[in-house]
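Structures for review follow.
You will see two complexes here that share chain A, one where it goes with chain B and one where it goes with chain C.
Presenting the complex of A and B:
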């Protein structure tokens, strides 16, 4: 399969939809990048239907023949596990006349039967059969399978798909962000996360990039979230203050993080990052110390990552978001609580804390989303045309890993995002 | 305030109420929510109140699955105090709201003796972003506290709780 075989919004490679070199400068970006339907269509081809995109987690299809409906942007993708344990990403479209073949959100089945004329497919995507076969000259005459996402990559149980038949490997794409996923899974006494709590789906009438940029924007929390910080006696606000020792780091390939470890190390309390203590979760603490020995102390002090993995996976400590772009001005955030394998005591707390924070009624995310929507309305105004992303550029440093690091409230993550975006949309375009 | 388990009247007589009184209570609760009368609305709750808006499945296991709202009494109070800061941006300015509550039906008594009541609702929300149409099924549990009807449980099963929905930061 080649890229042009994939059902995209247009046929084949085209020229750039806009002069990206002029629209993306080092310290400012043009408003039309958020509003133009032509740019959105170009992004689908050059980013969403090409680079590695996070799709789902292996724990969502734990058993042979489990499946769950996911997405890559507007594409409806069925993530399946075949009887041999392999993970497949199939497009939800019958090879006969294009009907949806799967209407359930999740289930267990070795095959899919299209309800329209009864064509059947294995959960590997291979064709099984078609009724009244005389009309095709007999059995086994057709070999029309479901569309597939040609490359499937799995890192620590996180399943990614790429519509490009070749290109960087998943590990090359993740690069320095791998270590952040490692930091998350090591908080499980069994070294694995599980995604079992189901997702809230929260609509934002805004461009997906406003969400992606906000995820590691350490400048906004004290303003957007002041209401909840003040009534919940939350320590989060201080992590994103002027005096915070936390840093913002561009991880390369458009990934970025708010590295809060300097603050958590300064506080020096195991589970302080989660606002609790070992005494309150004794079984979890014992299991962690049994598994990691002396290293457990540091793991429990440093806590979970706050990382945005380009273009659509955001891990905010105990919360996992995926960003689904549907139009230049419409995005869906899918969000769930991270659950650690072998940690029921922690999982209950993480779930309830997550529910309070995220989703349509979340005490944090309702306000972030209000900003996304007002931001979308604002960037449609004609002047002054540009969005400023210069914050902290004068105080950035290069760390020992060669990565750019800014202060806790600096726009270092956004600049890293735009650098990668610009590469993909210009010299790095699909040929 | 905390969820005081002691407030559950385990050996009290099962609550019995006239449907007219129940309706009056539901309409008042709806009006306080529509008009963002937060203190009045909060005062309708018992000390062990639970406010629940499930996601994906009306009968989901609320201790294991994501909910849109899952507030114990203490979190109800936090939600109210957040509104009262005046900086809950998704409610500044307030959404304009009006809901119709109908099909009020007394369903029986819950295990703890509270009266269980069902009702349907349709609600129009208007704000600058858009107008939104919300609809679903309410389940209440009611009991009499100090001579007045109070609610110990309000569940809101939205018809579209498995789909992508807009921000829902007002009292549904």
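Presenting the complex of A and C:
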């Protein structure tokens, strides 16, 4: 498969859809980047159908022949585990007439039979056969299979796909963000995360970049989330204050994080990051201390990461979001509670907190989504054309890892996002 | 709760059948109780078995079709 096989922009144009050098400045970005259908089509080609995109987790297809329906942007992807244990990313499109082969969100089957004319495929994507083979000159005459995402990469059980047959490896793409995934995984007493709590899908009538930028925006929580912080008597709001020692860090390749560890270290309470104590989850605490020994104290104090992995994976401590762009003004957020293998006590609490914050009646995501949709309406207004991303630029520093670091409320993450975006859309374009 | 599997057995073979709920959809778990060998069959595979003509099934029953073959001995 080549990139030209993938339907993208309606115009089919391969050149830049806009003068990105002019639209993206160091401290401001142009509103049309969020509203233009032509730019959205260009993003599909240059970002979503080229770079590494998070698809799913191996724990969602734990058994041989398990499958789940996932996506890469508008592309409908079936993530399968074949009988030999291999993970495959297949496109949900029959090779015959292009019908959807899978309808259910999940199942267990060694093969998929298209409901239209009965063409049948192994869960590796290989063709098994077709009805009334005489019409094709006999059995095994067609060398057609399901489309495949050309590259599949797995890091700590997180499965990513890339439509580009070559390019940076997954580990190169993740770069400094790998350590944040490692931090999440080590909070399991068995060193594994499980994505088994099921997903909620939230539709936002907004551009996907508003979501990606917001995930590590430490400036908005005290305003947008003031109600949940007050109801829950939470100290989280203070972590994103001007006096906070927490930092915002651009991790490179468009990834960013709110690193809250300086605050958690200062407070020095194991599980304080989760708003609980070891006494309330004794089995989990014992299991962690048994596995990690002296290091457990630091792990339990520092807690889980708050990291946005470009372009679509957001790990917010105990919740995981994937961002699915469908149009310039339409995005779906797929949300689930992170679960730690071997930690039923914690998992129950994490699920409860997740439902409380991002569930159907949750008090966190609804507030964010309200902002996304208002923002989408606002950026369509004709003046003043630009969005400002300069906050904290004068007080940024380079840390010992060579990464740009700003204050807890600074827009360092957004500037890192736009730097990478601009690269992909200009000199880094697919040739 | 442990549910005793149903067993289909005679003087030639003995196989237990359970409906397995561990995967992303139900499947049939078959265990050859003489050897402990286990096979899972999903819905489409079971439907295929239902439609397998006697002649094709007979071919599979040939002891050397997939088991007890010289090259494997």
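We take it that the second predicted complex is superposed on the first by the 423 of 431 C-alpha atoms of A that agree within 3 Å, B and C clash if a C-alpha of one lies under 4 Å from a C-alpha of the other, contacts with A are read in each partner's own complex, and residues count from 1 in each chain.
Note that in this section a residue touches a chain if its C-beta (ideal position, glycine included) is under 8 Å from a C-beta of that chain, and two chains touch if they have at least 3 such contacts.
Everything numeric here is computed off the predicted structure, so don't read it as measured data.
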Next item on the list: Scan A:68 for contacts with chain B and chain C and give back first, second, both or neither.
Entry: second
Check: Looking at chain A, does chain B or chain C touch a larger number of its residues?
Finding: B
Check: What is the contact status of A:156 with respect to chain B (first) and chain C (second): first, second, both, or neither?
Finding: neither
Next item on the list: Could you say whether A:59 touches chain B, chain C, both of them, or neither, answering first, second, both or neither?
Entry: neither
Next item on the list: Answer with first, second, both or neither: which of chain B and chain C does A:337 touch in the superposed model?
Entry: first
Check: So, A:234: does it touch chain B (first), chain C (second), both, or neither?
Finding: neither
Check: Regarding the shared-chain residue A:108, is it in contact with chain B (first), chain C (second), both, or neither?
Finding: second
Notebook entry, point to check: Contact residues on chain C for chain A in the complex?
Noted result: 22-27, 40, 42-45
Next item on the list: Spell out the part of chain B that touches chain A in their complex, as residue ranges.
Entry: 53, 55-57, 60, 63-71, 75, 78-79, 81-82, 85-90, 128-130, 162-169, 172
Next item on the list: Name, in rising order, each residue of chain A that touches chain B in their complex.
Entry: 105, 196-203, 205, 224, 226-228, 230-232, 332, 335-337, 348, 351-352, 354-356, 359-361, 363, 366-367, 369-371, 373, 377
Notebook entry, point to check: Of all residues in chain A, which touch chain C in the complex?
Noted result: 60-68, 104, 106-111, 113, 120
